[in-house]
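Single-structure report; data block below.
Lettered A, B, C, D, E and F in written order, each chain numbered from 1.
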Amino acid sequence: MSDARLLILVLALPFLGSILAAFLPTRARNAASFMAGLIGLIASALLLSFYSTLATGQTVRHVAPWLPSLGLDFTLRLSGFTWLFALLVLGIGTLVVLYARYYMSEEDPVPRFFSFLLAFMGSMLGVVLSGNLIQIVFFWEMTSLFSFLLIGYWHHNQSARDGARIALIVTCLGGVCLLVGMLLLGHIAGSYDLDVVLGRGDIVRAHALYLPMLILILIGAFTKSAQFPFQFWLPHAMSAPTPVSAYLHSATMVKAGIFLLILLWPVLAGTQIWYLIVVTIGLATLLVGAWSAIFQHDLKGLLAYSTISHLGLITLLLGLGSPLGLVAAIFHTVNHATFKASLFMAAGIIDHETGTRDLRKLSGLMKFMPITATLAMVAAAAMAGVPLLNGFLSKEMFLAEALESQSGTLLDWALPILATLASMFSVLYSIRFIHQTFFGPPPVDLPHTPHEAPHWMRLPIEILVLACLVVGIIPTLTIGPLLQIAVRSVLGDRTPDYSLAIWHGFNMPLLMSVIALVGGVLLYRRFGGRLNAMTNSPFIGRLKGRRTFETVLAALIDGASALHRMVSTKRLQVQLRILIVVTLAAGSIGFLTYGYSVGNGPTIMLDPIFAVLWILGGASAIGAAVQAKFHRLAALAMVGVAGLSTCISFIWLSAPDLGLTQLLVESITLVLMLLGLRWLPQRLPEFWPGGRTPFNVRLRRGGDILIAVAAGLGAAAIAYAMMTRPEPEGISRFFLEQAYHGGGGTNVVNVILVDFRSFDTLGEITVLAIVALTVFSLLRRFRPAAESVELPVQQKVQNAFDAGREDREHGDTAAHYLLVPRVIMEWMFPIILTCALYFLIRGHDLPGGGFAGGVTASIAILLLYMASGTRSVEARLNIQPVRWISVGLMFAVLTGMAAWLAGYPLLSTYFSYLELPLIGDMPVASALLFDIGVFSVVVGTTALILIALAHQSIRTPRAPKPEKAPDKIPDMEGDT
Amino acid sequence: MEAVLALAIGVLTASGVWLVFRPRTFQVVLGLALLSYAVNLFILAAGRLRTDAPPIIGKDVVDPTLYADPVPQALVLTAIVISFATTALLLVVLIASRGLTGTDHVDGEDDQ
Amino acid sequence: MIQSPDLPLWAAIIVGIFVLLGASITLIGALGLIRLNSFYERVHPPTLGPTLGTICILVASITCFSTLQSRPIVHELLIGLFVTMTTPVTLMLLARAAVYRDRKEGSPDVPQE
Amino acid sequence: MKRILPFPLLSATLFTMWVLLTGFSPGHIVIGAAVAVIVSRVMLALQPEPSNIRISSAIPRLAGLVFVDILRSNIAVARIVLFKPKERKSGFIHLPIELQNPYALATLAVIMTATPGTLWLQHDARNRRVLIHVLDLVDESEWVDLIKNRYERLLMEIFE
Amino acid sequence: MQHLIVAPVVLPIAVCAVMLAFNERRRMLKRALSLATTAALMVIAALILWQADKTGVPQVYLLGNWSAPFGIVLVADRLSAMMLCLVSVLGFTALLYSFARWDRSGPRFHVLFLLLLAGVNGAFLTGDLFNLFVFFEVLLAASYGLILHGAGEERTRASLHYITINIATSLLFLIGVAMIYAVTGTLNMADLAARMATVPPEDLMLLEAGAAVLGIAFLVKSGIWPLSFWLVRTYAAAVPPVAAVFAVMTKVGIYIVLRLNSLLFGGAWAETAGFADNWLIWAGFATIAFGVLGILSARTLSRVAGHYVLVSSGTLLAVIGMGGLELTSAMLFYLVSSTLSVGALYLIIEPVERNADEDDIIPGLEEPVFDDEYTGAIEEEENEKGIVIPGSIAVLGGGFIFCTLLLAGLPPLSGFIAKFAIVDALFSGPVISAKAWILITLIILSGLTTLVALTRAGIDLIWTPAEDSPVHLNVTEIVPIGLLLAACLVSMILAGPIFSYMEAVAADLGDASLYIDAVMNAPRAGEPEMGEAL
Amino acid sequence: MNWPILALAITAAQVLLGLAMGCAVYRVFRGPRAQDRVLGLDALYLSGMLLLLTYGIQTGRTLFFEAALVIALLGFAGTVALAKFLMRGEVIE
């Protein structure tokens, strides 16, 4: 009797060991292997303690809530069958650990190897012990992952990398199919709990979604178990270290698919479609694997194909759908694990000792390593199905079941023949394996001189071979009870009577066995000598699984790339066209649904001047559109006209603040554009060969005009529809009513900006600050195009003129040009600043405000720069824009936070009208303080942008030009 | 007035969109400038048109029907500031791009 | 159409006349932009607007608001001052730039330095 | 006094400007004074060329003269625009000039340019001459005389 | 602590104001300030989450003490709180990562970074449509600065496209807001939702057109096909920590779509219910498909990551369109998981690729032609070699594998649960619709293609022997990646409680009246509870 | 009293100013040289300023005064920049 919670320990131990091993020093080979072995032993011992419980036919469960809302609990479940399988995983795992200790070189980072191996072992145990469909998939995918790491362990080899990648992709492909299949299964059965699902086989098999679910789950199982046509990944996985191959391809990884099929057999099996699919695939795999194995020259390759073939055999057994088939399948799973593990290990020893696995080079090793040779011969005999070995027993059962098949299809009579044929192949390649390796003349040209492997390295093989013998000779005493528990746990009441006796008398299966054995020997005698010369397996060799896989993958990638190029673009213009067209389409949905209608609200009479204004403005907009390419300055002026029309419209339509602000922004934007224009290349008129604009260009332009007109019409139509509708009873009334009494200002727009919606304004000045800093840092790294580095042509000409005249000095032309304007503009500086302060102060009550004031102040600075030049201004004024930004932001935020002191939310304002002696009523609103913050940020921002741009003109190219070096390094940071 | 303003918005939009589709960075910047005029007027239009009714109130009881809707105006004001900032940034980026790539094509490479 | 402000007749007459006068003078100046043939000639007439045109309209404005609010409202003078200070700056810079450009192109109409 | 109000004329201008803009409330007179004092100190940093304007009767005389000239030339230019008289001829004049004070030059430039029909182009400090453009260039010497005798003299009186 | 709600926005702005007062040379001070700020943001977000979950009703903050719908309100409900947590975790880790050297490849990194967080937080919190625009602009402006951080040709080119498209999109945003205001007269999202039912039928065309135009603006940000061609390139051009936080930017668009779709078209009002659903579904499908193609054809890891961002956006949008409680909660889990994982991937790409090509450490960071005359001393690009930690390849490889698992939706990290939950929810109805099958297929395809692409790249970059010199890793590079992966691992282990939270979020979203009531009845400070509505 | 004749006079003045703006825009369009366009733009701004002043008179509000003030005081910044650009090839040296 054992506590179900021990299962957690069984499952957790390998993972804990894995983590521990990962942190061991790189050279700690002994410690890592010892720990791994110990974990295997402890876990096995723990598992064995469940024997008595399971022998009574019970199932052990441990459930911990994990994701209850999705019906997902962390469930550990141990039944007879899973117990047997888990023992296999742990037992062979422990032996592999022992073997690997001697196999792995000291040069390798062995602890990492054991870390992966233990994690893999844990994942495999997870698959086996899970009591929940999704949990199975969870661990299933983890086995894919860790097998990937194990196969790719020697990742300096190209083949290891490729093998790992192919295995991962194929098995993960299966994994996702399995996930969906399991989800469907859970959906059909109404639960993801395995025990519940196992009880609802009838419902499942009758469900409409049975077939898609079955196919998805089978794809999962078949990819994992290397069934045809997914078998190709397995031979490539042979680039893994041999202990890994021994483990993955005997008891674990590839058996996971078999495990799953057995586990779900009660639910899924028994239908015609199950029979057809599973038997066909199993049979194909059996034959393809066996046939291919014959022609392998690599020891491990031969074993790999043999594995495929045996997995096909088991699958075939499961496909038959008969309880006896299931018994045979479970039995053969165990048997195959023992002999295949030992064979892989033997192959590893041979490889290790001789330095090659090539059957064509190996020969006569019997003399050098007699013990290993003996062990390998016994194991190979088991694989070939020689009597008195375990392989014989399960193969007899298989042949018997092959005869029993009653599906009413062609398969019924083909199965016995093909099964015998496959057995014959099996004998053939087993003989080849043994004969070419151990017999014949002594080997020549081997990389190493072979000798017997260390005793401890042979020990795992000895144990496994002993198991083959013992099970083969006295099955009822050894495997019998275990098999019984396992079978009963799967089949329950349907458990058939079966006999594990060695001798069942003379019957058909025995005859088939004999035919296979004799046939195999004869075939080897007849053709064995020619095998070494063949480079390819006949017939099947043409099916290059891997090449097909890579080709398909490459084609997929190429196709995807081509398709991707077709449905994407790197060009900005195309992206913008798509954006506008999509917007037009999206915007018109509403109109298509409900129709377009003009409203019946009040409208206002047309002012003739307004019409005049927009005749001019509209014409200018179109003019700008036409001129922008070749006459930039003209286009800029025309945009300016449209801008002025907009400003005046704002004022006309009762928005004086907007008009004011837009006017200010217009000025500064114009200067910015001109500052930028300096660095753009000259545009010369287009010249198309032949003098005509090409058709595709005209087509594109036509399309653009069409989209532009559509957008314009759309905007106009929507605007008109909006304006003609009666106004909804919205929030604006509140602002008008509360602006003075609640906000302390009569300019409602400003009160909204600095009080009602001051959070917007805070965000807005943040944007300004960010943009300024970005511009600044971008321009620090600015590198003009080669032809723009030099002075503008005007200045060059004027400098040359100054230099060429006796009565002039360098810079006279500019100085004369600017003399009078400079005087006037410098004296306007304080005047404009005063104006800026005026806008700031009055904003709360009348049009103006922090932004208008700030822009005004920065225009003052700008004028100064234009009049006097950068160096001259900066020699006198230290503007420190960043500091203005910093102070302004702080001011705004602190003003907002001040409200916290009074227990009000951020940005709550305070205002009153102070009665000051002499001065009279003075509005004191905290919003004004906020506006001062805005002012400061705007000044800093605008100045920073303008100055940073202006500075580009006076930066010195790297190529030394000492006379142009700047007088002084200006400090933009505000730190001296 | 409404019809004139609607047409104005339409013409500004159409010109702006056309320019935004052009391959030279400067054209795109001008296009965005025109579009932002259009959008600002559009937002103002969302509050319906009023002449001679600026939302600057007296200090006594206020009759809201006498004033233009102040909300769109506040929104436009914010929008003006933000679009000014982003236009400035775009301008700087385009001259930086021109410096690095040697062309003023929006894709940083001439297609012909 | 927007109603006119609430003014006594004498003020209305003054305002009306000066507004029309200012606008007309400005228009004449602007017409110069169309009618004159060379750039250097066209530079001159636009100053009609900033000078006399502005003065007339400012007079109208001062009259209007001083009457409306029954106290002298003379801040319009600032506009006059600023326009007088700034317009010459732009015109002289612009004209000088034009001279430079024409000279560079070898135009015979502009004097050599 | 010089330390508090380095530029008294500027401060006065700013103060007047503030009061004109905001109205004659006592509060704004205080603020205006403060603004006038503080902002005018910005000019200290800019280190403008010193100006020593002599307050004399020359200022109103100049103002009157300019006003009348502007009126006259407005009419003259309007006539030219409207009727495009055939005999008219426009042209550039190089004008020798004694003035050196930049403020005087600036004032002259503003007057010339603000007066329709004449346009100040630039002052050549080395050769002491200005370049102007005249819309109706009947007689070059007449213009030289006008500027030298009417404006330059008054300006010398005020600025030098 | 009622002011907690506003802290995620105001704190970074205030800290930036202070930081700007210091010279750029005070690097350690700025690092300390910004790290402390992001750490504080994590704590604040956690507190807000705790508060939101505890009370179960949206917490409303009346800015300026003006009641809704007149003033701007911040609303912290379960959804916003969750998004705040997500962005703060990503922000903290990316910032830490930047200390490896990225914060020195240009000036003012910390300010821009913090302001980006402020913008994103503002967008998640605000309950006002126009304020949303403002915070979109804040985050966009900061993102412009950050994408340009480090300068170089590719960054400049990419940002030119990025900025242009976003400016155009912002204009669309404004148009949409204006149309909605014209019809409803309000900007407050709750008020808007409440007024939906009273919109006269003849105004519906404007309302829907406005919503559609607005939707385009959000969808551009969330990376929908065919409006997202800029995204991959932009993200790839950005320096790694920036790209990592950009992973959350598409989620801002998604968040808004989710929020507005549930508030305005959530079915409270029959006329326009489900207005956007079908479009979202098909656009989402197209986006996933496009992302899958992109992942397959990607030649660099950052392009894989970028296309994965698209895949995740497409999945989220399609699922939003399909709706339903279970699907929504699964979608929210996926949102969190995919954001964290793609953030981790962006962080790990650079060290992984550095291994492959040692001499191209900071691509595009060329010397300027001009002498730097501003302050100097900022960008002495000492290519500081990290500490060679033992097994740096192993750490890198492990991290990369974890990222691969996350993105491909494989166990044992949260990607698997997310994928499972979505597919499970799709199967949960009595009939599995064709759309569900398409989505499942696309999800699976995207997982597989991600696996194929990342394995290929990972094998080439990590396993292929090129290790003449060991990879230099900084602790500040490993720790953030580790933190993000740990977050994914934790969200796998704690999937149960997280899922019940997500279900609560989904339930909140399903009931618009909860949000509307909380906002519209939020009391002003200094007034009795349920103060008179103004 | 609201005198219709005054309203008419102001409207007429506005139309005259509008025509003046039209002349200026004509110059902006026609060129032929950049300086002509700049000159046109400058004249346009001045006419616009006067238009705003007449609008102030028309409405009897002083609210539009500041906009006019801005044009008077700062409108020349753009023109100066354009002129400098033509003359020197860059706006700020």
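One rule holds in what follows: contacts are C-beta pairs under 8 Å (C-beta built on N, C-alpha and C of every residue); 3 or more make two chains touch, one makes a residue touch a chain.
Model, not experiment: these values are computed from the prediction.
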- request: Count the C-beta pairs in contact for A-E and for B-F, then report the pair with the higher count.
  value: A-E
Most central chain, judged by mean C-alpha position against the global CA mean: E
Message: Please tell me the distance, in whole Å, between the geometric centres of subunit D and subunit F computed from their C-alpha atoms.
response: 22
- request: Measure off the straight-line distance from the CA centroid of subunit C to the CA centroid of subunit E, and report it in whole Å.
  value: 56
Message: Using mean CA coordinates as chain centres, what's the gap between subunit A and subunit F in Å?
response: 60
Query: Taking each chain's centre as its mean C-alpha position, how far apart are subunit C and subunit D in Å?
result: 17
Query: Where does subunit F touch two or more other chains at once, residue-wise?
result: 11, 14, 17, 19, 21-22, 34, 38, 40, 59, 63, 69, 73, 75, 80, 82, 84, 86-87
Task: Check each residue of subunit C and list the ones that touch at least two other chains.
output: 1-2, 29, 31, 43, 50, 75, 78, 85-89, 91-93, 95-96, 100
Query: Residues of subunit E touching 2+ other chains?
result: 130, 134, 137, 141, 144, 148, 151, 156, 160-161, 164, 168, 175, 178-179, 181-182, 187
- prompt: Hey, which residues of subunit C end up touching subunit F in the complex?
  reply: 1-9, 12, 15-17, 19-20, 22-24, 26-27, 29-31, 33-34, 39, 42-43, 46, 49-50, 53-54, 57-58, 60-61, 64-65, 68, 73, 75-76, 78-79, 82-83, 86-87, 89-91, 93-98, 100-101
- prompt: For subunit A, which residues count as touching subunit F in their complex?
  reply: 607-609, 612-613, 615-616, 619-620, 623, 633-634, 636-638, 640-641, 644, 647-648, 651-652, 656, 659-660, 663-664, 666-668, 670-671, 674-675, 677-678, 791-795, 798, 814, 817, 821, 825, 828, 831-832, 835, 839, 846-848, 856, 859, 862-863, 865-866, 869-870, 946, 949-950, 953-954
- prompt: What part of subunit F is in contact with subunit A in the complex they form?
  reply: 11, 14-15, 17-19, 21-22, 25, 28-29, 31, 34, 37-38, 40-41, 44-45, 48, 51-52, 55, 63-64, 66-67, 69-71, 73-75, 77-78, 80-82, 84-93
- line: Within their complex, subunit C touches subunit D through residues 25, 28-29, 31-32, 35-36, 38, 40-41, 43-45, 47-48, 50-52, 74-75, 77-78, 84-85, 87-88, 91-92, 95-96, 99, 110-111
Message: Help me check something: in the complex, which residues belonging to subunit C touch subunit A?
response: 1-2, 85-86, 88-89, 92-93, 96, 100, 104, 113
